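Here come two complexes built around subunit A, the first alongside subunit B, the second alongside subunit C.
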Partner chain A sequence: MSVVTTASTSKDISRRFTMMICDDSNIIRRKIERELNIDRLEVVASAANGRIAVETFTRQPVDVVTMDITMPEMDGIECVKKLVQIKPDVLILVISALSDKATAIEALKSGANGFLCKPFSDWQLTEALEELLRGAQ
Partner chain B sequence: MSDAELATFVEGTTRYFETIGHQPASVGSPYLVDNGKPTVHEFTGMINIAGKRRGVVYFTASRSMLTVLLMRMGETELTEENMADLVGEVANTISGNARRDYGTDFMISVPQVTTGHADQVVLPDGARSIVIPINWRSHAAHLVVCLE
Partner chain C sequence: MNFLDLGRYKPIALGLFGFTLLIGVVLGFNMFMANLLSSDLSGTRFLARQQIQSELILAHSHTMAARLKTHESITDSFNSLRTAVTRIDQTLSSLANDGSFIDDQNRSYQYAALLKEPSAGVLNTAMKNWSAYKTKLDTVLRLSGDPYKNEANGTITLNERGQRLALALADLETVETAASAELSAAFKSVADELESELNARVHTLRLVQTTTIILTLGSFLGILFYLGSTMRNEDVQTGETRKETTDILGTVNEGLFLLDRNQQIGHERSKALSHMFRRDSFDDMSFEDLLRPLVPEKTLKTAQDYVELLWGERVNEKLVKSINPLNEVEVNFDNQAGGFDTHYLEFDFNRVKSGGQLSHLLVTVTDVTKRVMLAKELQESQEKSQAQLDLLLRILHVDPVSLTNFLSDADTSLRMINTILREPAREEADFRIKISSMYRQIHAVKGEASALGLKTVDQRAHAFEDSLADIKDREALSGNDFLPLVVKLDDLFNHMNQVREMLSRLTDLHHAISGRNTTADSGNTQVQADQEQLDELQSSSQSDDRSEGPAALEALMSGTGLKHTLESLAQKVADNCIKQVELECNGLESVPEVYRRTVKDIAIQLVRNAVAHGIETPVDRLSASKPETGQLSIEFVDHGDQGVELVVQDDGCGLQLDRIKQAAIEHGLVTRAQAALMDARQTMSLIFRPGFSTSDTVTSDAGRGAGMDLVRSLVAEHNGRVGMSTARGRFTRFKIWLPAPSKAVAA
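On to the complex of A and B.
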């Protein structure tokens, strides 16, 4: 996972983050929200494809986004590029079944900060998001 | 399809059930579909494959298996919509994981889901279909890989 880390302060550690979940599967969106075990992360929005995610993000630019890749209307890679244009410091964790290295590299080059492969367990999700947040501190 | 290619799908299937269902599935001996009529349970998630390989991958499972799998995921809404969502997600995940071995040019579609109608599952003409039987807890499902 590619995350830039910097020295943290006590203020950073207590910082709270808002989050949007983007996945075309309702059960995956619900699984991510249910298994999220990080007190300082609050899910405030969800989207079923990249187009809806961009619209939602434009109205409500959250701090953290989990992003699927294979979705109708607008895929996750295109969506990541648009979200980063709107808010360059947004933290994006791509969560996808596409498990080849080239896809992970493309996601990171597009502006994502981490990549988690499906299927994932609750602790793998927590670990990936914790690492993402460490990069923001 | 080579043994190594087949192993990609078998490993993807066992990994899915172990991670999501918290219990590994046992995979039976794969066999060829020789009459053109695919095995279909109540819910079927289909993925169209394009690029280097062309064809279809589908996962088909019973309502009872999907109900238990949803419960093991911690899902409380055991609805028809969520079962259809899950069967598509299983097909999508196993197909997507196959890119680890097939590479980026193994392009997968978003899932199409059908319920209960074998005639809606159409396989490409001339392609060989490999059926992978899956047993998980007391439930049976099938993964069908049909690539030109």
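On to the complex of A and C.
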């Protein structure tokens, strides 16, 4: 799979973004990929835990990442920190069940940009990611 | 900002510019006038000096005439005369010609006024006189050169030129005095004219200066007035704006305030805030100060982190609203009645940007109590409906005998708990006993409800257990700690009543259906089926027909039903204990309505105790030369006005006083010393104490230590009496006396 990373920082609304899905649930990963309905956002990678996500991101520094918090090997909070270190302008949307707001806030303090609560509908996902991209322009 | 874009300062700038321009023009004019006046002064002085020139001519001509007589040199006088004549001639000609002249420092002057009368006439006359005068002067001046000659004898005499000069001077002398005076007068007249011209200009200058001062003062006052008026207008406008802001902040229902980067609350706040937080002053308060008394420490910390997050640039404001930890905060405020009011507050945060930079967070606090309460009510209502439906379905599926027994047992347990709660206690140990006694009771109810699948009862019992566990963990106990239990117990009682009511309705429904069907068609197979089911249910079969529940209740409510229940209970307990028992019931049909429940509850306890503790196992009975099957009899006798009597007797092992004492000591009800002093009657009375049990383990039939205490409390409620007699190895008999139904005390 080839990765095309656009390095442009212009405010061009036609700018294309690459995305990685990071979630230990295969169902959630497929759900996000299936329900994602934004033309300029292309899913180019997915990871089942934080460690794989960091490895993949190091090779392919994508523009947008959706991140689960509770994952084996390396959790979402740790992973967010590492991804931001590698690429400070990466956009990270934490997608997690809202069992503990403090944990979600911790993830955002680590460098994530937004939060989407599980379970989510397709339009909620699209709206959240659109909002995330708007913030990048 | 553009240099010329002065905004609201533009009028002031234009005013100042005009003022400065005016000052500049006036100063320029003053300078011009001052120069003019200076020039006029010089001109006047020069013309004044011209009067002297005419006198000089007179003086020089006289000097020359005198010197010619004494043969002295006349050269300097001659030259001075020429100069004076030339000067006067030039000046006068120029003045008469165009009103101008050039002074001795070559500065030129011109006065139009001199071309007008009377100066023009004076000058013309002077010019004419001068022409005549000058003709004679020119005659003198033409005779330049040495006027003397040296004679042979060494004397000096006038030569021809000298003689002619003397004659010319003599001729001049005839007119010169008059001419000089005229000339002098003419120059004086012109100088006077110029002086009056000078005075006129001085007057003009004074006028201009006065006007300028007035204009300057006027402009200054104008600017002052404008500034004052503008400031006043601005003040009015600011005041109106301020009032509008105050009105908005005073009217809006939300609590509004700004938070700065240090999480300090701003000065502008809405009035609703005071009402929401029950405080008047928020001055010098931080967000933490505001929240700390209201929310748990963890929520406070999370809220501070959340606010901190919003100050960061990375986070998208709209994408973090869902994790706002203060979106529905429960807060409690003390009220005047000594209790507290619970409110739910919603905090919303919005970034405020000023000049592209994040300057504040706007915090909007909304009292969402009504919304939350409505949502809760809705949820409770839905849960209640669902629970009732579940309950109904469960009841329809539960074995009727089990349900009957459960309702009976649970009721006993709950009453027991009620008794324990009401019992006075002061010591810590008493409280601990209360807790453990209640714990046993409620745990049994919970277990049975759970076994029967009565989820709603199970949940309530569990909640009660949780409260108990909470109290148990406390270090020091007081009576107030038990208050929440009363509420939960009341809830359980109500719920159990609901279950009974539901059963009652099902019974009614069953009756209605079966009655109608019987009337309509006695040969209908459905009726037959229903009737069969009813019969089956009334005999407490294990059928899982859905009509079991109502039938079971019906059975429970009637004397026959009580007999059946007691038989079933005796059998169940006997089976559990691996014993055999035969129950004989008499007179239960005549239990008055007012005692139905009491008699049932007492009989259940006594039957259960008799089988569990009185009747021996078949092996023991055989070894004691008794029949394998134990005999248990229940008799109800109505003595009319003398009251009613319930006698429960078994042919078991009798009360074992030693064991009772030992159990009482083990349960902490009495000390060993107290036990030693107890007689048989006192020892027997121990079995009525709460928490007393001779069983080591808790089963559904024994070990709770609540049964006999319940009997005692039920009897006491009706002002009844309990009598008991026992013989070791032979029997135990309980006699319960209750007042006549007409005198019954409502329980």
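Annotations for the structure displayed:
Assume the second predicted complex is superposed on the first by the 124 of 137 C-alpha atoms of A that agree within 3 Å, B and C clash if a C-alpha of one lies under 4 Å from a C-alpha of the other, contacts with A are read in each partner's own complex, and residues count from 1 in each chain.
Just so we're on the same page, contacts are C-beta pairs under 8 Å (C-beta built on N, C-alpha and C of every residue); 3 or more make two chains touch, one makes a residue touch a chain.
Quick caveat, the model's predicted, so the values are computed rather than measured.
In the superposed pair of complexes, A:E131 makes contact with subunit C only, with no contact to subunit B.
When the two complexes are overlaid on their common chain A, residue A:L93 makes contact with subunit C while staying clear of subunit B. In the superposition on chain A, contact is made by A:T70 with subunit B only, not with subunit C.
By the touch criterion defined above, A:E42 reaches neither subunit B nor subunit C. In the superposed model, A:A102 makes contact with both subunit B and subunit C. By the touch criterion defined above, A:K31 lies against subunit B but remains apart from subunit C after alignment on the C-alpha atoms of chain A. By the touch criterion defined above, A:E78 lies against neither subunit B nor subunit C after alignment on the C-alpha atoms of chain A. Under the contact criterion defined above, the residues of subunit A that touch both subunit B in one complex and subunit C in the other are 98, 102, 117. Those residues of subunit B whose C-beta lies close enough to touch subunit A in the complex are 15-16, 19-20, 70, 73-75, 77, 81-82, 85-86, 88-89, 92-97, 99-100, 102-104, 108-110.
The residues of subunit C lying in touch with subunit A in their complex are 298, 301-302, 305-306, 308-309, 312, 314-316, 318-320, 322-325. Within the complex, the subunit A residues that touch subunit B are 24-28, 30-31, 34-35, 70-72, 96-100, 102-103, 117-121. Interface residues of subunit A, counted against subunit C in their complex, comprise 93, 98, 101-102, 104-106, 108-109, 111-117, 128, 131-132, 135.
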